[in-house]
Each structure stands twice: as C-alpha cells, then as structure tokens.
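One chain, chain A, links the two complexes that follow: it is found with chain B in the first and with chain C in the second.
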Partner chain A sequence: MNLHWSVVWDNAGALARGTELTVLLTVATMALAVPGGILLALMRLSGSRPFAWFSASLTELFRNLPLLLVIYASYYVLPLALGVAFSPFVTALVALGLNVSAYNGETFRAGIASIRKGQSEAALALGMSGWQAMRVVVLPQAARRVLPVLASTWVSLFKDTSLVSVISVGELAYTAMLIRSRTFRVLEVLTAMAVIYWFLGYPQAKLADWLNRRFGVSE
Partner chain B sequence: MSLDFSPLLHSWRFLLGGLGLTLGLAALTVLCSLMLGGAIGLARCYGPTWVRVLLVFYIDSMRSVPVLVVLVWTYFALPIVTGAVLPPFWAGLIALTAQTAAYVAEIVRAGIESVRPGQARAALALGMSRVQAVRQVILPQAIVRMLPAFGSILSIAIKDTAIASVIAVPEYLDRSQTLAGQSFRPIEVYLTAMVVYFIILFPVTRTVDIAYVRLAHLGRS
Partner chain C sequence: MNMRDDETDAPKVLTYLDVRKIFGSFVALAGVSMEVHKTEVVCLIGPSGSGKSTLLRCTNGLESIDGGEIILDGHTLPRDGRGMRAVRQRMGMVFQNFELFPHMTALANVASGPLTVLRLPRREAEERAAALLEKVGLADKAKSYPANLSGGQQQRVAIARALAMQPEVMLFDEPTSALDPETIGEVLNVMKALAEEGMTMLVVTHEMNFARRVANHVVVFERGTIIEQGPPTQIFDAPLVVRTREFLSHLGWAG
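Now for the complex of A and B:
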C-alpha cells in the first residue's frame, strides 16, 4: 500500500470550495428553517383547526421519512409538479429547508408549551394583553429552552448537507467523491474528506453540548 | 401529468426484497449498536481514565462526522487499509453500527447520570460493593429512562439504512432508484417509497412518543 497524500494538497482549492458550499448550505437552510419553524409552531398553536392540522401533518410527514428520500423526491417531483426546473442547489435548499422547518416547528412548539400556564395567566392577571404576555413573559423564557435544541439541530443539519451530494450539489462530499473517481487515490481523498468534516463538526458539537449544559432544563 | 403505477406492480417482488433488506439491516444495526453502545456507555462511565478519554473522543468524533462519510469511508477506504474486500451489506452494517453505537453510548451515559448520586452513596453506605450498587440500584432505574430513547434509535436506524443506498446496498431506496431509472417513472416510484417508509416509521415514532409519556415517570427516584 503506497499512499500519495500530495493528491489532497493538489486539490486543496476544490476541497475548500466544497467546504465553503457545505457551510453556505447549512447557514442558508437554517436561515429559512427558523422562520419556517416559527410559522409552523404558530399555526400549530393558533387554535385554528385547519392550520393546526396542516402543521401537524407536515411535521409528522418529515419526521417519518428518510431525508435522502425527500432529497430524491424533491429532485424528481418538484420540477414536474411545478413545471419549473430548479438548480440542484435550490432543490437541496428546499428539501433540507422543509425537513429542518418541521423539526424546528416541533422545537418551538415544545419550547412555548414548556412554560407553565401559570406564567401567562399571571401576566394576564397583571393586565397585560395576550400578545404582551407572549412577548414579554413566555417567549423570553421559551427562547432559553429552545436554544440548545436548535444548536443540536444545527449540528445534525451540518452533517445532513452531505446527503445532497447525491443530486450533484458540489459541496464537500460531492467534491471529494469527484476527486476520488478522477485520481483513484481513494484512501487519501476520503480520509481528507472525513478529517475536514471532523474539524468543522467537532467544535460545533462541543458548542452544542456547552449550550445544553448552560441553558438546558432539568426538572 | 398522468400517473402510471404499473411498473411498480410488475416489480413488487423486487421492491419487497429491498424492503426486507431495509428492515433486516435496521434490525441488525439496532441489535449490534445496543450491545456495542451499551458496553461503550458503561466503560465510558465506570472505566479507567484512559479508556474514558479514548471513548469520549470516539463518541464525539462519530457525532461530528456525517453517516454518509462513515459509510463511504468504510466501503471504499477500509478495504485498502485491511486488504479485505467488504460486501456492501456488511460495510453498511459496520458503518451504521459504528455511528449508532456512539448515540446509544450517549443515551446510556445520560441515563446513568440521571440517577441522583445520593442513590449510589446510599447503596455504598449499606455495604454494597461498587458493582452491586451499579447493578442493583443504578441500572434498574437508569434503564427505564433509556427505553424511550432506544425507541428513537430504532426509527433513526430505519431512516439511516436509506443512506446505505449510496454504497449500493440493495435496500428499498436503492431498488426504488433502479426501478425509477428503468421505468422512467420516478414520480410514481418515489411517491410510493414515501408512502412505504411512512407506513413503517409512523407506528414506530408514535409508540416512542407514547413511551416517553408513559415510561418517563417510572424511573423517577
């Protein structure tokens, strides 16, 4: 077994661009999925039957499907159903965004529901309006409980972006596989890919742990 | 847009075989992960310091790297290191187990740490040995608290087997891809796949949700 690690340095530029896209995809998906999650949580808590039902079914659907299948389905079904051809990147953003929105919606709903009813009742008794009670009393407390869960979702999302390589979005996993098939330096390139993911993912996982310790609730 | 599901009807045996492989791979993954992860979790809590440091590094690394990367590395790169070629199914099982066991170990640790330290101290004060205290006092309470989380592992494992299609394990998603390519009916094939996965996963996640509510208080001390 002779290894040529130089192949990693020769392709450092491509790997860096792939890494960039992985990070961009993570940030863009979360930027969509936080408002998406808030919207789903509000629909769920709105008291309107159809809205609550829609939100709940969307959440259940995405919780119970493998993400890879959602990605393939978006890739093949979206263009035919909507009659518009999307770039792989946009398709990936839609699939990941829907998936993470569903999880975030559940996170926000649970966060708001975890604040005891007495809190909002006390706020109302003090003469606050319903919206004031929500904004001043419930949401600030819910935010602390939501933050650590959101951080864990972020780490999962960062890892899950690797799955969109199957619809040839040129992120890190796709780039590494491409270099592998071009150079046949399988062990070197795949190890480099794993190491890059590790260096990016490890601090994020540790940060999520810290947030869980700092803000996590144990009763 | 007209839908034509006849290619699926023609190939139902082909798909059913894939479904069997999906469930078999998931079941084996969960079984191996519970055994390996249980051992890792116990060693991480009660082992000597150097073992703990090593296991924490392993667990955190598995939490930092995508399962796709572990799968691809195990299938393509590991044989270069070991010299032995792995069939896709076994490579899939090894990679999925390596990753899932790390999550199981974290569940085991969380369960053990959730038992108040006073309990272990009381057991020791009663003259129990450390092993007795763990076996008779801590684990019975901790395991009840772990049960719902083990249920989540099952649904995660079923979903993760789909990723094994990337290394051509002929499970349900892989066979769906093959069929979609041959029949030029991707929409029907993937819609069916969504229904199939949902029907399998929904009862699992529902049961786990109920288990969280029903079992959570049993381990309370």
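Now for the complex of A and C:
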C-alpha cells in the first residue's frame, strides 16, 4: 500500500484555516454558553415558577437530544421559524450554544447549591440583597468549584465541533473530508486530522486535569 | 411594664414581646419576652436546642417569627425583605462557624459590607477595614486568606467584618463554640474590649466565665422559654430557679 503524504503538505493551508475555525467555534460557543449556563441556573434557582419551568424545560430538551439532531434541526428549522437564513457558522453556534448552555446550566446549579447556606446568610446579615449575596459571595465561589467541570465540557466541545461539518461549516473535519473526497487519500487525511485534533486536545485535557487538582477539592 | 428588676436607665434597643417560632411541629420559641438596653451585654445561656440561637436569628430576620413582636429602637421589625435589609444593616452578626468569605482576603472580607451595601469608595472602605483589623489585633493579616488563619483569627476578622457596618447592636451566635481551646481567649478578649467601649451586645454562649464577668444581664433558656433572667450575680451565685442550678452544675459550674 502506497501512502502519499504530500496530500497533507499540499493542503496544509486549508487544514490550518479549518483548525482556526474549529478553535474559533469552540471559543465562541463557550463565550455564549458560560453566561447562558449561569442564566439558566439563576432562573432555575430564582424561586419564580415560570422562570424555573422555562429553564428546566430548555435544559432537559437540549441535554437529552443528540447534538447531531440539534445541529440539523437548527439548520432546517431556524430559517423557517425566523424567516431569516443564517450562515452555517452562526447556525452551528446556535446549536452548540444551546447544547453546551444546557450542560453548563446544570453544572452551575450544582456549583451554587454546593456553597453552604451560612455563606449567603453572612452576606444577608451584612445587609446585602439576595442578588448582591449571589454576585459577591456565592457565584465567585461556585465558579471556582465548577471550573474543573467546565474544563472537561470544553474538551468535549472542542471535539464535538466536528459534528457541525454536516451543515458545511468549514472547520477542521469538514475541510479534511473535502480534501479526502477530492484526492481519495483517506488514510493520509484521517491521520492528519487525528494528529491535529490530538495535539490540540491533549494540552487542553491536561489543563483540565490540572484545574481539577487545583480547584477540585475546596476548603 | 417593667420586665426586669435589674432595670437600667439606658434606653431599650431591643424589646421582645411574646416571640414565637415553630419549625414544623417543633416549638423553638414558645413566647419569649425580654429587653436589651443600650450599652448592655446580655448573655443567653441554656442547653442546646433551647431556642437561644433561634432568637438571635429571628432578631435579624434570618428566620421569620410566627407570633409576637420584636421592637428595635421603638419600631416593630418589618417582615418584608426590603425593610428587613435596612434593619440588618444596623445589626452586626457573628456566626459560630465564622462564615468568612473564603475567596476574599481578610481585608476584603471586612470591606465587603461597606463596599457592597453602603457603596463607599474602595479606598474609604479599605481604610475602614484596615482600622478594624488593627482594632482586633490582625493588622498584619490583612492580605491573608481565611484558609491561612487560625479559628480564633478568623472569628476576629468576622467580628471586624460585622463592625464595619457600624452597627447599633452586635449579635454573637456561639462565637467560640467552634474554636480550639487555645484560641477562645483571644476572641473573648476582643468581645470584652468591645463591651467596655459601650457596644450593645446580645451573646449566645456556653462560656460561663465570660457571661459571669462581662454580662450585665443573663437570660436562661430551656425548651423555647425563659426560665430565669437577672444579673450574673443572681444567675451564677444564687439562682432562683432549680433548673438553672441544674443546668449550671451540668456544665461543671462551681459558682
């Protein structure tokens, strides 16, 4: 069997641009899904029934549907529902953002619940409002506690972005598949793709492990 | 109406009238009436579960009351959130487990009330905090995090944090119960100094020596009611109620 690695070098530029988009998609999704998750957690814990119900429904919907289905659904349903056609990138961002927000919401909810009641009582006893106690005392502590979990969500997200190749977002997986279908060099392209994902993913996973050791055990 | 025979001329800061609190089927407070006068130190003693801490927590609205009323400076305590918030700013609370904010330095803990609640400029809040840390003998620990302080030091920071709101009355909920024996003294000394400055204090405690020496008035709780109250000389040297004597001898109090 002959391997022609030149196919990788010849397409290095395209692979680099795909990689760039994969990283950008990961960062942009997290940038949406962290505030999204906090919002969902706060709604769930707000004590307002409509808010809590809305948050719980959204969370359970997107946590329990396959991501691939959510991506396809966003691609076909969003333009129909809103009457506007988004770019594949924005569509991907919506789908990934909803999915990861749902996970982050549960993460933050558990994080907030893990801060003992005495902490918010101490804040209230100083005369803080419920929101001030949350913002100044509870959330900063919860954030530290959930950091390791967010980090592993991040690593999963980095790999899951490959799923949006099905709606032709030109990230790494899509680019690699395009090169494959043009050149028919399956093994070379898959290997290149594996190497890129692994070498980018490994340090992230190590960082997540480190965060887990650093912040996982508290007090 | 005069509830007490050791009545002082100082104005009443807190008045409790037939205060009741029920948790499910457990009666935590079964009609408690007492007074705290300005500059007085009132110690609440009694077996655990007798309602002392509950009374303290009802005073600053961490628990709601189910009957009676609590009067602060002539005004019945409000039951709504906004009103209660204003009241809490006038009372400092010190907890058994300190409840310092672990993600903030000692200085930031003390400054957190003035900064967040009073919205003082950061410099002013931190100056106030530094002065209070100095006062509790921890000026050199300003930059330390709670995890790096001993229990006694943490509790002194917690006292400074409560004082930073310049409260009219300080509530202490078993402030030394979670401490190692060797650090209890430093906390009690800070409290004693505070009492000597004229701070009005309501203290739930198991430290009978402190109550004996520092309190102006001692209130004995049992099963959600007050069984006896009076000056420390009465309670510790010549209790009028048999159960007071029994409780004290249980603790090994020799008089």
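By our rule, the second predicted complex is superposed on the first by the 211 of 219 C-alpha atoms of A that agree within 3 Å, B and C clash if a C-alpha of one lies under 4 Å from a C-alpha of the other, contacts with A are read in each partner's own complex, and residues count from 1 in each chain.
The rule is simple: contacts are C-beta pairs under 8 Å (C-beta built on N, C-alpha and C of every residue); 3 or more make two chains touch, one makes a residue touch a chain.
The model shown is predicted, which means the values in this text are computed figures rather than measured ones.
By the touch criterion stated above, A:Ala31 is placed in contact with neither chain B nor chain C. Contacts of A:Val137 after superposition on the shared chain: chain C is touched, whereas chain B is not. When both complexes are overlaid on chain A, the residue A:Leu207 reaches neither chain B nor chain C.
In the overlay built on the shared chain, the residue A:Leu190 is in contact with chain B alone; chain C does not reach it. Once the two complexes are overlaid on the shared chain, A:Trp198 sits against chain B while remaining clear of chain C. When the two structures are aligned on the shared chain, A:Ala16 is found in touch with neither chain B nor chain C.
Contact with chain C, but none with chain B, is seen for A:Ala122 once the two complexes are overlaid on the shared chain. Once chain A of one complex is fitted onto chain A of the other, the partner contacts of A:Leu68 are limited to chain B, with no touch recorded for chain C. Number of chain A residues touched is higher for B, counting chain B against chain C.
The contact sets of chain A with chain B and with chain C never meet.
Contact residues of chain A toward chain C in the complex are 118-119, 121-130, 132, 136-137, 140-141, 144, 218-219. By the touch criterion given at the top, residues 1, 60-61, 63-70, 72-73, 76-77, 80-81, 155, 158-163, 165-166, 173, 177, 180, 186-187, 190-191, 193-194, 197-198, 201-202, 205 of chain B touch chain A in their complex. Residues 60, 62, 81, 85-86, 88-89, 91-93, 95, 97, 99-103, 112-113, 116-117, 147, 158, 161-162, 165 of chain C touch chain A in their complex. Those residues of chain A that touch chain B in the complex are listed here as 1, 60-61, 63-69, 72-73, 76-77, 80-81, 155, 159-163, 165-166, 173, 177, 180, 186-187, 190-191, 193-194, 197-198, 200-202, 204-206.
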